[in-house]
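Beneath this line is the structure, given in structure tokens, with notes to follow.
All chains are identified by letter, namely A, B and C, in their written order; residue positions are counted from 1 within each chain.
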């Protein structure tokens, strides 16, 4: 037992010692700590990969922690970054309110902190991300267009109470105020989960049958689940399905003409943007703009090829 | 008019027309019981006669189907044990249920701790009060000791202390002497005399005739859920009690016959393990080997190791002359060793299961083919065993939990003997079971010896050891301290080896 | 006489309490919505419950043997991504992902069982640890991304029909039948009950307790793998974050079905009814378009209520 503890302590010391690396010129390599919402989400993984690739390019050391959707854990991770004396922190917030103390703590320690992808109620030193309302707006606008501004929509929500779910729903409903002839027939959560969305769609087909004209799902996973349920019920050619995130599966489905549209959130743009902004702050260069919004982009069969390489 | 009858005499408790049925069994049938304040009223009967059910109803653990209970002249029916205790009932249980990790004082005043202000226990007063009470009972135990460090007799005294502190008017004592020494019994009886002198009524449940005749004022005998008789103890003697309890006179309980002993079936040489060391002995076909000693001397531990339930540290076991390694019970059973444990609830039976499934559990190979159970064959085997061992049950599919202790013990026998073992270990085979069942088990042991089985019988009851054994081993502190022939043995000889 | 009849009546309720609850629920839903009691909807319910059903049957073995398995959901994810990894079109024949997936699940069950029996660690702890380990392995294997682009043959398992009946339903029924026979008609089944009912007594009856427990965990792991494969096939991807909290639904179904968490008691038929109850609640509340927030409350109430009814009468 004691051997194991000693081994653990030694490896920890070695590990932290490695952190103070220097480059060939003898300059200290800047270290950026990143606390990510959840590395079980494909989009966040893509975001992390984009940040990692760009950090390598810029010769920056990037430490990535997974907050596992827990704000409390996220705050602890930022505290650890502070005590490790990293040069900058990138925060991919779990929650609007509960992740805010992390911002205050970093600022108090004089370490620049940037929010990536989504917002907190506390203001960080910089922000790179997208507005989730916009994704809902783009998706619902596309549905309205395909429906000819008339028809019944069912909406599959993300995990209730999470920022992305709330904002995507708000965006979609904003658009619907413009189209009085489009009605939301039913709204239910499938918790971002493909299997759950598939079951939900099957059940809706039973109760609404031919009345459903379009499906809006808050993410592609759920959109794909709804799509499969519709295809099994042989209803897909009558129902429009639009979702958000542009994951690989969804892009393929758009290309094959199964999914009507998805909305691309630019993980690469956000990731590289965040690293660049962090470097500027480390070098104490002034920012032209401390809030960079990377726009969402509509993906349809016409332009899908361009996104499949990204 | 009948409603006034009980007022004539000073009855503390009157039970009238009480009945209770369980699925398939009439546990109590029109029971009457009158308890006087300041008297000891013994209730006797075979296991399954209905004593436990009657007491559970009195203390509020069960509701009767019909009948009434008058306590201090008022019709009462307790909804819970808590109600009963509040009204002045108290039960010293057969299987004691103290809180092992709390202190003696905390157990005595459970739920009624003195407080300095609400939520803050006045520990000093708690311990002082408890100590005073304990001393009054003549018990030399510190009030702040943990309950689990006490001996069983001491725990019983603590339970009595608890009842006294509750101002109990009626105490039910269920087999209070089953696990304590003679000296402790004397102390207990002195306390009971004191209690009755102060007006407390005691309902005393026991199998032990001598004790009942010594302590009780009145005796009620139950049989098959019915009241057979209620009579003053002074009018009774042992023989008349036995015949009333079993419904027939028992001439000879110990049906002992001697048989020509055969080859050595099992030898043990220098066996050591947890709780015993360097034990050596032989067992012959056709003999009953009694193993005597005090509780905790290591007798059960030796046999558990022999059967593969506990680890053997060193030493050798020979079965029919061949050295064998017994690592687990399945090895022992394959050799032909059977073990009837003293604790049927712990190691004997699967209580959630049925009579049938328990009987066949150790011998499913008799009624299965390629791992598939032949359910018809299994039912036939189970029914045969139920008949052979006279197990009282509503059927082979009855859940074992609902059987009386004696019948459960018979199921264990039926299970172990189904495999037809050569060497059979009986660990306290008659503990807590009634005379009728005891006699049946003794007869069965004799029959088994007659057909050449080797029997090892652990027993704490000296009359049983003396009456049944061909040879007797005495164990003390994990070692064999004496060996003698059955006909040469006396109680004094055995106790000499067991204690000195 | 009347009392006797009443007693008989309450006996019937106590024996079939959960079945009655199930039927009452069905009647209520049939009255509430015309879409419930249609052949097609019933088929859909069966298909939706098949994954949870296979998991619940697996954990029934473990719970009867006196254990618990909290790693089910993670094993579903792990076996799903592992099997999907070998199921891309034009790579391996279908049998390869199936066997590799099943072996993965069996392996997890084996490890659970070995640590529990030889290491003498409480099943709750071991399978809790395995829950996070298997989840981590699934993320490592898949690099945190869904494994998609699967062969049509593989997707047939979760999405196809055979003789007009969806394949997941057929697999579920097969699992139920085999498990029923295993638990009721074989010696190992009898030993599982005995070990859960009283481990000491089982040991003293010559049963090799550790082997029996190991068997139960292996069956459970294997069935979790089957569920994982069916799920991956049904949603046409292996998802590293699939099956989160699935173990809770499975255990809930087992408990609703009258299996004691103390071990030694329980039936396959009870578990099937428990699975169906959870399934029709999900389906019915969706049909009625009850708000997500209220759905959670109603589900909880029905689960506790069903078990309460069972316990009140099972005296």
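Following the convention adopted for this analysis, a residue touches a chain if its C-beta (ideal position, glycine included) is under 8 Å from a C-beta of that chain, and two chains touch if they have at least 3 such contacts.
Not measured: the values here are computed from a predicted model.
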Topology of the chain contact graph, where touching chains are joined (line, ring, star, complete, other): line
Chain closest to the assembly centre - both centres taken as Cα means: C
Euclidean distance of C-alpha centroids - subunit A vs subunit C, Å: 33
For subunit A paired with subunit B, centre-to-centre distance based on mean C-alpha positions, whole Å: 69
Intercentroid distance (Cα basis), subunit C paired with subunit B, Å: 43
Where subunit A touches two or more other chains, by residue: none
Contacts with 2+ other chains: residues of subunit C: none
Set of subunit B residues in contact with two or more other chains: none
Contact footprint of subunit C on subunit B as seen in their complex: 307, 309, 328-330, 332-334, 339, 341, 346-353, 357, 361-362, 364-365, 368, 371-373, 375, 415
Touching residues (chain side subunit A, partner subunit C) in the complex: 39-42, 45, 157, 160, 186, 188-189, 193-195, 198-200, 202-204, 206-207, 221, 224-225, 228, 232, 247-249, 252
Touch list for subunit C against partner subunit B, complex: 185-188, 190, 193-194, 197-198, 200-208, 260, 264-265
Touch list for subunit C against partner subunit A, complex: 33, 35-36, 38, 40-41, 44, 47-48, 51, 139, 143-146, 148-149, 159, 231, 234-237, 239-242, 244, 282-283, 286-289, 292-293
